[in-house]
Amino acid sequence: MSPTELPPTEPASPEVPVPEDALLTVRGLRKAFGQHEVLKSIDLEVRRGEVVTLIGPSGSGKTTVLRCLNGLEVPDAGVAEFAGQLTVDFSTPVAKKQVLALRDRSAMVFQHYNLFPHKTVLENVIEGPVQVQKRPKAEATQEARELLARVGLAGKENSYPFELSGGQQQRVGIVRALALRPQLLLFDEPTSALDPELVGEVLAVIKELADEGWTMVVVTHELAFARQVADEVIFMDGGVVVERGHPDTVLRDPREERTRQFVDRLLNPF
Amino acid sequence: MNINWELVWSSLGPLLTGAITGTIPLALASFSLGLLLALVVALMRLSRNRVVSAVARIYISVIRGTPLLVQLFVIFYGLPSIGITISPWPSAIIAFSLNVGGYAAEVIRAAILSVPKGQWEAGHTIGMSRHQTLVRIILPQAARVSVPPLSNTFISLVKDTSLASLILVTELFRVAQQVAAFSQEFMLLYLEAAVIYWIICLVLASGQSALEKRLDRYVAH
Amino acid sequence: GSASTAPASSAPAAGADTSLSDVKSAGVLKVGTEGTYKPFTFHANGSGELTGYDVEILNAVAAKLGVKPAFQETQFDAIFAGLDAKRFDVVANQVSITDERKAKYDFSTPYTVSTGVIVTKSDNNSINSFEDLKGKTTAQSLTSNWYKLAQQSGANVEAVEGWAQAITLLKQGRVDATINDKLTYLDSQKTDHDAGIKIAAETTDKSLSAFALRKGSTSLTDAINKALGELAADGTLTKISKKYFDADVSK
Amino acid sequence: MNINWELVWSSLGPLLTGAITGTIPLALASFSLGLLLALVVALMRLSRNRVVSAVARIYISVIRGTPLLVQLFVIFYGLPSIGITISPWPSAIIAFSLNVGGYAAEVIRAAILSVPKGQWEAGHTIGMSRHQTLVRIILPQAARVSVPPLSNTFISLVKDTSLASLILVTELFRVAQQVAAFSQEFMLLYLEAAVIYWIICLVLASGQSALEKRLDRYVAH
Amino acid sequence: MSPTELPPTEPASPEVPVPEDALLTVRGLRKAFGQHEVLKSIDLEVRRGEVVTLIGPSGSGKTTVLRCLNGLEVPDAGVAEFAGQLTVDFSTPVAKKQVLALRDRSAMVFQHYNLFPHKTVLENVIEGPVQVQKRPKAEATQEARELLARVGLAGKENSYPFELSGGQQQRVGIVRALALRPQLLLFDEPTSALDPELVGEVLAVIKELADEGWTMVVVTHELAFARQVADEVIFMDGGVVVERGHPDTVLRDPREERTRQFVDRLLNPF
């Protein structure tokens, strides 16, 4: 994300939710690995300031959706449109530049954090702003410190990732994404690699970001979190969207039997 | 077994000179250049372009599949027949660099592949290009992994430089042969040379440990 | 000058000299040789039987001694190590008699009398004597006595493994000359007819080559000398020499 | 560059004979014995007994720190001076086995350490002794990991056997030298030998792939 | 566990819970790694047929307790007593034989399954009975098949672990432990490496074993499971037992503030 492509409104500040204008619209997203069709025409609409959560069994394609949105995977077909500025049609061969432009608009937080182990916390955070966005190092450092402080990591700037708990590492992962000032945050099961008693601290940070008006797509198995934070829940299975809607509907009283089974199994494991 | 200690002592100076003016600079120069070459070859080998990757693969196979002695001979005695005549030292450095390039390429390739895929993705998600991610994220981590096997390559190289005498470069082993030829004490001189090689290797090995420790600062102990 | 009269007192072995009786009782004479030094010790057609001037003479000597020769081939580096380690009883490899070697080994009476020659490219007119070698570069086998001669003549010496490499360097223009046994030169010209090289000068001193034995192998050395004397007398040595060199180099 | 094809052709038989009766059996025998030795040394190196572990460490350091040529010299030409005289072939096999033992020990040690600690614990919890766990659980998994580096050791060994001519063993390279001495075509003969070495190494490498595939049956593809 | 040391009553069959006789009693268990005292005098009593669950924050020493019981770690002090037959006092140097005897009485199920990847499911299960206990292979195989069928893995006997889902692998891990016919089963967070929707199938198997009368110590973060299955819950923190008692007390209305905080954080992550 180069500075010239920065979004007109900085999402880091808008306390007042932006009205219902779509930030991202995806139509007919398809992706196959070899013979295996992993995504079979997925539609998605994310409005500014909205939190969409993706749920579904293992292998249903949730991670693949996020990876396509972040340009880590090139879909076989489908159209992605970012707030009128950028339209990428994957049915035709896609230019590298377009993939990069797509990637610039979002930032991903990974299940296993994927911090850079050879860099300190601060270096992890400023790597993108300084090396990619070419922002002044002093400014990037200043902002990184503020962001780290906001997620309760003041004083950890010079630690290496291995010196932090899982929850702390994931908070660094979130700050690393935030520091890019993306229009859209993508979370791929951000708490499922954490010790149970550390889950809360990370979910709290994500909830706070949602409250601040960040737009995000979150893949999660934490149904209580989804119920409390999401504007829309999408249940996927076998590469298709089975059901979508308000969390109160999808999680408490789903229309589809498959959704009900899945939610039941998660809520009452035995 | 009576040992001619006087000879051991009087030959020590020449042998050390051979090590310091021959073996060590030859090994250092060839290793540095070979490492650069190896990095290029490793990246070629990992390239998605089939031709590029095949070229690297054949290069590695030939280098590792044929005796170093023949490689030296081809470069020094063979190339002049197609009009390329290179002096002993440059020939030796070229031959040893090409050799290290083949062996170290596989080490570096394995090290690059050993860095978790998630590191590439993390680089990409913060907007880095393939090249930026490689240089700033992947290679620093691969470096740590490749220190032990590369130090093995280096240690082998130190001993292999003894073959340089075949193409008129005077180093430790050549000096030992010279002294032995005059004194007829081959066994003794070779043993003395072996001790010096061993000491060089011990120094290298301790350098390796120190380097590993330094690079280990960012991993749990 | 034969070294066979070296006093037995310098022998490292404390006991009596059993060198001859050991060989006789074993019935085998173990001989160290390179096998890659034409025309003295090499394989016929490259991969056939071991043969050559030194090999044939030794065979004749062994016959006189009533033992079977067992040739063991290795690089020159290892030949003397092998002699020291009693891997061989005798070395048959055109070993020139030098002072250094005489100090450590016993020698038989010489069976080769030859001269050293400077070999240069045919078009090189700057070297006509050993004095002309001063400041020039020559390629020499490290373990030969020609190495020392080149050094004494003031040449920069590059060490090579043998004749073939020396000539290659010479023809590639990487060295100016090589000193070697005239016999080697003549033999190579016999097969290669190489007009690109020539003899630029020849030593006046004769170089003598003989079988080398461990110090103190006096009885064996004496027996070999006796055999060599008989072979010289009955014309065998001359015959072998004529076969390889069209001349008698054995005296 | 005009190539004497007739010589290439006429020398092929002797060279192949040298490979088949010298290089290959020597490499096979030394590798097998060396591997056994390496396993013992690796286990000694991992032993909690400090003396045992130090002995293994010194052995490895000396073997890897000194030229193989000297090791051959010591065994064949050095040992007789303390009364131990061993014939050429046994000497060669001993020397090369000791050499492989030093190099492969480190490979095997690393492979054993690469098996997750949880596998030891799983062995223990079903009541296995240390030894049982090692043999039935750890080594089979370590085997898979060590195939690529061990095959490198083997390939190096094949080329190193050319040094055996120093101790009176006739193999491929020695034959090339013999033919070259007669024809004075050392460049050509060495190249021809190199091609044969290369082919042997290619065969070994494809054997490695096949073995890896076989051992891979129990891991995800 | 050699056949001669088999427990007099086979725990695999007793449907009727054995009365309250202690199977295992541990007193004053201590363990330090270097300077770090990980267990500071732990007491424990497990009765036949009872299920004890250990809960507590990461690093509190739960795993270390199990490892000491299984003889994978040798404690610095303490006494372990197995139903009168075996007493091991760790204050004095412990003979290897005693550690082995201890290990024979229990079997561990690991968080990361630790199946033998180079052996099939069946080979994993019969390895202990055949190689260690020297039981006839045919008999061990027969029993392994039955056990596998009971946990829903009939037909998977010849699969390799990598071909199974996490939940299936963990069920193999459990069967591998059962096949040893131990007096005591030890579970170390048996479901925390699993995809959430696979947790249920493993907990169900454990619950069934509990119902059948197996004695077990289970380290877990699944409080709902503990509440339903455990006879006693032990809350550890910093190497000491902070609180222990009936699950209804410890999990719903703990006496100690630390316990309450921990339980709260697990039940309501944000």
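Each chain carries a letter (A, B, C, D and E) given by its place in the written order, and its residues are counted from 1.
In this section, a residue touches a chain if its C-beta (ideal position, glycine included) is under 8 Å from a C-beta of that chain, and two chains touch if they have at least 3 such contacts.
Just so we're clear, the structure is a prediction, and the values are computed from it rather than from any experiment.
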Shared chain contacts [subunit A and subunit D, defined touch]: B, E
Set of chains adjacent to subunit A and to subunit C: B
Distance-maximising chain from subunit A - centres being C-alpha averages: C
Result of counting contacting C-beta pairs for A-B and C-D, higher pair: C-D
Identity of the chain that, by mean CA position, is farthest from subunit B: E
Distance between chain centroids, defined by C-alpha means - subunit D, subunit E (Å): 46
Distance from the mean Cα position of subunit C to that of subunit B, given in whole angstrom: 38
CA centroid of subunit B to CA centroid of subunit E, Å: 52
Residues of subunit E whose C-beta touches two or more other chains: none
In subunit D, residues with contacts to at least two other chains: 73, 77-78, 81, 186-187
Where subunit C touches two or more other chains, by residue: 77-78, 81, 84-85, 165, 168
Pairs of chains satisfying the touch condition: A-B, A-E, B-C, B-D, C-D, D-E
List of subunit E residues in touch with subunit D within their complex: 1, 70-72, 100, 103-104, 107-108, 110, 112, 114-119, 127-128, 131-133, 160-162, 176-177, 180
Subunit C residues touching subunit D - in the complex, by the definition given at the top: 35-38, 42-47, 72-75, 77-78, 81-82, 84-87, 162-165, 167-168, 188, 191-192
Complex interface listing, subunit D residues touching subunit B: 1, 61-62, 64-70, 73-74, 77-78, 81-82, 152, 155, 159, 162, 173, 186-187, 190-191, 193-195, 197-198, 200-202, 205
Sites on subunit D touched by subunit C in the complex: 10-11, 13-14, 73, 76-81, 85, 88, 165-168, 170, 174-175, 177-187
Parts of subunit D lying in touch with subunit E, wherever the complex brings them together: 116, 118-119, 121-122, 124-128, 132, 136-137, 140-141, 144, 217-220
